[in-house]
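After this come two complexes, each holding subunit A, first together with subunit B and then together with subunit C.
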Partner chain A sequence: MPNLVLAATTETAVKAGFIYNFSKFIEWPARTAESSSYNLCVMGDDKREDSLDVLVGKMVGNKPLTLTRNVKPANLKDCHMLFVIQDKDVHLQALLADIAALPIVTVSDSPDFILKGGMIGLIRDGNRVGFEVNLKPANAVGIRMSAQLLKLAKSVKGIK
Partner chain B sequence: MNTLWTILLRHLINLKNACLEELWILGLLLPIIALGIVGLLHFNHHDNQYVQTEITAKTDAVPEPKLGQLSEKEVAAIIALPLDKLIKVQVYSDQGYRVDTNGADSEVAATTLRFGTHQTALTMMNNTKDIKSIASTELTYQSKRNRKDHTLAGGVI
Partner chain C sequence: MANPADLPQTASNSAVDLTPMDLTLEQLMDLEVTAIMKSATRLSDTPGAIYVLSNDDVKRTGATTIPESLRLVPGLNVARIDSNEWPISARGFNGQFSNKLLVIVDGRSIYTPFYSGVWWDQQDVKIENNERIEVMRGPNASLWGGVNAVNGVVNIITKNSKNTQGSLANAYVGIDRSGVSLRYGTKIDDDTFIKVYGRTAHYKSQNEPLTNTNSHQTDLLDKIGFRYDKEINNTNRLNLEGNVFNGDSSGAVATFPRLSKSLTPQLVPTYSQSSSTRQEFIGHNLQGCWEQTQSARYNTTLQVYWDKSKRESDVLKAGLTVNTFDIDFQHNLLLTSNQRLLWGLGYRRNMLDNNNGIIFSLSKPKRDDHLFNAFIQDDITLVPQKWKLTLGNLIEHNPSTGYEFESSTRLLWIPNDHESVWASISRAVRTPHCAQENGVYSISNITPAEGGAAKAFNPITLVTMIGKSNVKSENLIAYELGWRAVIQPQLTADVTTYYYNYKDAASITPDPTDLSHIVSGYVLQNIYGTNFSHVHTYGVEFSVNWQVNDSWKLRGSYSYFQSDFRITADALAGSRTNYKNSYSSYQTMLWSQHQLSTNVNLDINLRHISKIDSTPNFNAYNALDARIAWNLKPNIEISLVGRNLLHDHHIEFSRDFLSTPTEVPRELFVTAGYKF
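Up next, the complex of A and B:
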């Protein structure tokens, strides 16, 4: 479809809304909760992700949201949430394996993201944007997702 | 002493006569001075207008969203939606054709974003070449229209 650029432009605003809203339904382990800000990191080609700028400074709980674009692997440990933009240059499985032990909520619009070990996959469902959840990697690092969030998900994997 | 008063009086009389004789100069100078004051006030007023114009220009200089992009306000409105509303937001992607003013067909993509009672419609050219083509066409058209306006207003051209 030649109109992908446009679709992405409008769709990303909705996706940014999802990304912000997810943070309200997630609990991080205590050591992550100690930081003074809520750090949203972005990896991949983020030229089409201008919508995320609107999130900067918004409060997540009692912490202001900060945005780190093109996050370096060394700085990943400071992220609360990592949004991996669908990008051929990002090797998802290798990335997810590297951060598997860190309490970072991974979100991506890449196809089959949760099957590759990601936590939240943003999916296009007809004319709507939805999300699917994989609890297994979240539970492994002490991240808790609320029942309300899971109820709104299109599908949930990894329920014990 | 009397002589001193006489001299002084004579000079005063001379001055009076000179003033009366040269009154026409005052008659000429006064309108010029008045015009000068009015002119100064006029220019001062224009200075203020320039300042106001500058402020207006700055207000207008707020970047508008590019074609196909939502404005920051619209994005903020979407982000403010709760999760249960976000999953109901519908993003439509339809393709159509638009004929621009130079007669060339340009393929456009239209996306309508609907949520609740709000609706935002967007159109965008498929590639930069199309955007430039339309932009230049519209500029040309505006330019011609402006010229026409000048002709009507001033009758110069």
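Up next, the complex of A and C:
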């Protein structure tokens, strides 16, 4: 018989909530940490990602959040976090290889993102959104994720 | 993964009242993303009194059983009567055999048709396996029917096997309880997942305070089970799950009349015997659910389950086997952007088979009941973002009282973006159960004057509860009013008030004393269940959540309950109300969830439970539970749990038919969890 509906919302809005929240549980290496704003970059076909607009101007720690859509490869080095929208035109492995040495938290809703070398994969579980984490690429560039974040992850790969 | 582009246009419109940025990660993970229900429903938009416990909430209190978890919910009455036996109810009418709370696990109702309540000792669900527990106070019979969805619904949702990949081992050890569980999940292919698990739990028997005796036995629950989940083309979801269990509740010692045969007392001393109320149980369940999303507007669910269990009691020399077979179909339709329809059909067959004993028997040892229901619920948005109306109706047919109708009308008003107000009027019934209709249970005796052997005209009197088939349904009209507010992004409050009016509520009536055997030296005093009570109850439930900072959350709740039980004017002589004063008038809880450092959590839970008037030896009590946990590594957690830290022991409930209350002790135990 019917389940009680706890709450329902659009997937995009929920993902925006996740992307914003992740920043609270992550420490960047000193070089990135010094910048005056928190730069969230988006790659891929983002016309349906209007919900990310609500993040502009939010504070992350003491820094205002800036949103860069369709980020150009030359500007990637300024990103704190890169959200790669599930899109067949983006070649994930090549992209991840290009930025493997940069301290950028990579997030995507693309299937098997963390197996391809991404750091945080947003996954759909029935009617809910969750996430999985790969620590290996994060450790390689000095990005630290808190234990609280890892505890909430549906799965964690790359534990030393 | 559903393509957001497929969503109807209003999806983005409705997103304006959402602020996922204000939610924590835990809250985000709890949000439903329902393609079918394009209109967004926040928890705060539910027109009813709902409280949700996430898996993490429960784990962090150190609870190892579902009943302990339910102590955290405002408006619920939870008491531990013996080491693994629990009277639980919502808004009064509590007892070990309380019958007005529906409990479902993944859509399967876990009640026993014997008394329309839950044998908590055999039905417990392992805490690590739960995704969350949703508790809806108030009648929900217009969706679930009149077996027991009268005062509340507890909805236990277990984890999808997709999220339980890999292995997990858990153990807890203390003087009064211990347990081990193992779980293993694996991927069969990209869309198919399975998990298997096993557990054992032990609870040490406690002292019975009046006689200072202890049965020195251990309560036990062993369970193994599986869950299989498959997604086919994003449109079909299939889920199969099953459990096999075995255990016993040792039960404190109680006094029973000695009988030479059914309804015939022994005529020479000693007239009573003291025996352990130990019960053994064994059973299994198997269920399947197929959900199909035909389009963004239509979705159907078909669910089937089979549940079998057997309970045996040495002292009663009786054993009851219950088989339940159930099939439910449900159709969810989005008619227009402002109207959503949910309708469904259900069929249930309950087969009971009792080995009649001397003290306890069923007048109909075999019962085979067929129950049917059909329901329809309409959610209408009267003014988008402002007013919503929910109408529900259910018709059912049961073998005891024939057709029954239940309905509810709920109205939600959202005056601004941080407040909502709801009101409801519902009609619910609680249909008669097997024990009321067929139970024959000799509870006590009155020995002959001046002791010695019973003789003609100096008889022994045997008191027996006898079920009669003319018992009626209990009938409730409930009025509820609620208010919710986001006072600050980090501070939310929820207040519910209610007034319930029960007609034909359960009462107990004595038959005229049966003197036909007085020459043989005994008389029979039978009492039976009737419907001569008229009950009014009312109360307030208040809860508040405060996220003090990223690492500290405080919650508080307060529940107040009052009632008026009266015998109706047309009642037969000697009738008494049932379940009067079976609750505490007020309960208060304070709960702190504190992350002390990245790897250390401290949880403290303090409760005050006021005196239950009907219970001798029972006083108001304060309970303090605390848990400190260390994450040694992301995949290893150890914790130290203390429960009832303030007192050496206390009593929480009075004797209830078969169960004798024992002392709930102070407990300390350690837990360890390892993911690999």
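Brief remarks follow.
Following the convention adopted for this analysis, the second predicted complex is superposed on the first by the 151 of 160 C-alpha atoms of A that agree within 3 Å, B and C clash if a C-alpha of one lies under 4 Å from a C-alpha of the other, contacts with A are read in each partner's own complex, and residues count from 1 in each chain.
Heads up, the rule we're going with is that a residue touches a chain if its C-beta (ideal position, glycine included) is under 8 Å from a C-beta of that chain, and two chains touch if they have at least 3 such contacts.
In this text, all values refer to a predicted model and were calculated from it rather than measured experimentally.
When subunit A is checked against subunit B and against subunit C, the one touching more of its residues turns out to be C. When the shared chain is aligned, subunit C comes close enough to touch A:D109, but subunit B does not.
Legend: residue contacts after superposition of the two complexes on their common chain; A:L150 is shown touching subunit C, with no touch to subunit B.
When the shared chain is aligned, subunit C comes close enough to touch A:I159, but subunit B does not.
By the touch criterion defined above, A:N21 reaches both subunit B and subunit C. Judged by the touch definition given at the top, the superposed model places A:A13 against both subunit B and subunit C.
Residue overlap on subunit A between its contacts with subunit B in one complex and with subunit C in the other: 1-3, 5-7, 9-11, 13-14, 16-18, 20-22, 24-25, 50-51, 54-55, 58, 127-130, 148-149, 152. Put simply, subunit B touches subunit A in their complex at residues 68-70, 72, 74-76, 78-84, 86-93, 95, 107, 109, 111, 113, 120, 122, 124, 126. Across the interface of their complex, subunit A is touched by residues 1-2, 4-5, 7, 11-12, 14-15, 18-21, 23-26, 28-34, 37, 39-43, 45-46, 50, 52, 104, 107, 109, 132, 134, 136, 143-144, 153, 155, 157, 160, 162-163, 165-166, 237, 303, 328, 330, 342, 344, 346, 377, 550, 595, 598-599, 631, 633-635 of subunit C.
Across the complex, subunit A meets subunit C through its residues 1-14, 16-18, 20-22, 24-25, 48, 50-51, 54-55, 58, 86, 109, 111, 124-130, 146-152, 154-156, 159. Subunit A makes touch with subunit B in their complex at residues 1-3, 5-7, 9-11, 13-14, 16-18, 20-22, 24-25, 50-51, 54-55, 58, 127-131, 148-149, 152.
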